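Below, chain A partners chain B and then partners chain C, in two separate complexes.
Let's look at the complex of A and B:
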């Protein structure tokens, strides 16, 4: 029983790797037919996995148990100078899957939770888990950092946490893809936090918000004030932008890096195992063990990064709301 | 948003060589505006839906439960104070009842004691009276008997003496004489 989750993880990794292996095999005769160049033997299994694209692999009932599908392509929309290609990509699909999954789970939980509460019982199972997570994030992360009257930021920050968490975890399941490992997604989420922070600053400080943009210190000598204004104001403004920038890069880099490491170990496994099973194939147990351990770490990182994004967003909102003090 | 992206792009340029793929592979740091659009739309929709259907109800329920628990605790506190008060009252009344009972018992005992004393006294007085009366009666009976005896003795003596001297003695004078004699006997 104790080996249960470990074995299932191993299976998950192998399953996730199955299409890759199949790819290699599928490509092998083609390359042999083309030429005996070593160049053709090189198959990049990492870049397609961590990047976006309009191809997706889905589970299939017939061997090799996966199927590559091409997503539909729409004509780009032109809005002024911006060309917007709204065609669904792999990551768009996973954004949708994550959103629908999350909405279903949380709504069902909320309904059962409300029913349990109405009947005067403590919620059990899923609703209880949802409540525990929501309450933890609200009471330990959001409210202490956002400060007084922070309740109106709770839905936004909870959505950020659960959405990022779901997307992170979707990248770890077989056939999954990590939308949060895409800089466009993380940059958009960071941008939303940026907007939230600035709007919170304007609402909390009124005209005092300008103090967070322009540096004018009345404690300085009169001569120094304009000088410091000119030097420090850009620093203040850049400081505003570095926060969401760091949020975007942190999430993107963490998600991408973990996947690259896992895929590298999976690649090592196939490299060591070879096509013929010999005694020396046992060496392949080392990279697969490492892959499993990194996978476990990835589950932790998925939670951690969602948590950090939410925590830092709360801190930024709290900072700017306290700016006038 | 534009400025953020520009800075992102500017910073991404020197960072790319390691990640920049050769031969048309996509750059990891290339912004994809369509994806950004979708992210924003999906996030906004999810935010609105979750706020209405998930977080709102759960937080409401939690708040209601917290309120209910707080109310229950306040009520329990109130009840506890109430019961403590009632208990103190009960104790006080039991104490009062016990004191009263003690008092009654003591009173009863005292009453019984005094009654006993009174009755004994009364009995003794009655006894004394009875004895006195008996004694007086005995005394008067005795005096009466002695008088009777004397009179009898005088009569007998006179009769005896009359017979002896053969004549009838003058009753009054003789009687006086004998009585005087007897008085000397009696005074002895």
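Let's look at the complex of A and C:
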């Protein structure tokens, strides 16, 4: 039984490499495949960690030091023909934890910062860190990219940055879950950016906004104008939609991929533990080292992806506001 | 923006320029597929298979390329304008 994973892996490789042989010995691979699926169900530590659900694990004082709790279920709400299940899931809980944490940290920081400034001193600790990050994002990322009078967009973009950053980092703490590893969350964030970009375009360009939606070129011959209108307008609209789509996919994929890599390395540990009997703990050093290193990389990625989302949102806002040029 | 004493010349903007074109590839692909389906629909309407389907692929690719060209040209114009502006500011100081 102890060589189960290895044997099933071998069987899978043989199955893929030599279909003819597998046909001859039809019985053995079939049972091996069954064992493989049973084994796969047993050791799947990745899927439950990266997917959403109505269960979550919380720390507990008694062994095994965690407890699985089931989140409350609300009756679905009916609005016309639409049925909405508003029950909280694991990621919803972490959205709220992130929001509350961020609100508390930043309001406390702001208050302490104001107090330090009033007394004529430089702020220390947390407020200082918050100030450095806010000023960097504001002065290096938002204002140069949004363009003239970009101050109006600073509150939204800073909120997006810190919210995404908090959610990303919450996925790295024990018992944490990455809400930004959920395509619905990233799609909603990207949709908010999309609305902000379009509203900014309407406000900056007025009726000229229609030029970013439809294509009408007065330099063309009269016959060509409607033809080019019909061909180019869909392309312009597709171009509008691909930007937030890419934003959503980029954040979702980056956050999910890192977790899968870490969990796959941790999974290797269990794989080795069953096979290389006496050396198991030594062999496990390699995947554990890799998992820790990837985890460090993940901390960097958490900052990077929040930064990229904010940067690209600023770039898109700046782009559409200058569209009339 | 220019009167903001804290603002230094942008360093993040080069990364932003790269990100600006990240959506173009997807736009290219979706444009081709969109016009491919339009062509297929037209073929179904007029029974001209596969004329409009092929035409759609080329029209989609061409239109996406032209859209890309336009956005690149607009960005270049904007960069030149910005460079001129900062040059003026530098002289005035």
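Here is the rule we use: the second predicted complex is superposed on the first by the 277 of 325 C-alpha atoms of A that agree within 3 Å, B and C clash if a C-alpha of one lies under 4 Å from a C-alpha of the other, contacts with A are read in each partner's own complex, and residues count from 1 in each chain.
Here is the rule we use: a contact is a pair of C-beta atoms (placed from the backbone, for glycine too) under 8 Å apart; a residue touches a chain by one contact, two chains touch by 3 or more.
These numbers were taken from a predicted model, which means no experiment stands behind them.
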Between chain B (first) and chain C (second), which, if any, makes contact with A:319: first, second, both or neither?
second
Most chain A residues touched (candidates chain B, chain C)
B
Could you say whether A:245 touches chain B, chain C, both of them, or neither, answering first, second, both or neither?
both
Pick one for A:154: touches chain B only (first), chain C only (second), both, or neither.
first
Using the touch definition from the top, say if A:111 reaches chain B (first), chain C (second), both or neither.
first
First (chain B), second (chain C), both or neither: which does A:89 touch?
first
Partner chain in contact with A:216 - chain B first, chain C second, else both or neither:
neither
For A:99, decide between first (touching chain B), second (touching chain C), both and neither.
first
Which superposed partner A:131 touches (first chain B, second chain C, both, neither)
first
The intersection of the chain A residues contacting chain B with those contacting chain C is 135, 138, 245
What part of chain C is in contact with chain A in the complex they form?
1, 4, 6-13, 15-17, 19-20, 22-24, 26-27, 30-31, 34-35, 59-60, 63-64, 66-67, 71, 74, 77-78, 81
Looking at the complex, which residues from chain A come into contact with chain C?
135, 138-141, 143-145, 147-150, 231-232, 234-236, 238-239, 242-243, 245-246, 250, 308, 311-312, 314-316, 319, 322-323, 325
For chain A, which residues count as touching chain B in their complex?
44, 47, 50-53, 76, 82-89, 91-92, 95-96, 99, 102-103, 106-107, 109-111, 113-114, 117, 127, 130-131, 134-135, 138, 154-156, 158-159, 162-163, 179, 182-185, 187-192, 194, 241, 244-245, 248, 256
Give the list of chain B residues in touch with chain A in this complex.
1, 3-5, 7-8, 11-12, 21, 25-26, 28-40, 42-43, 45-47, 49-51, 53-62, 64-65
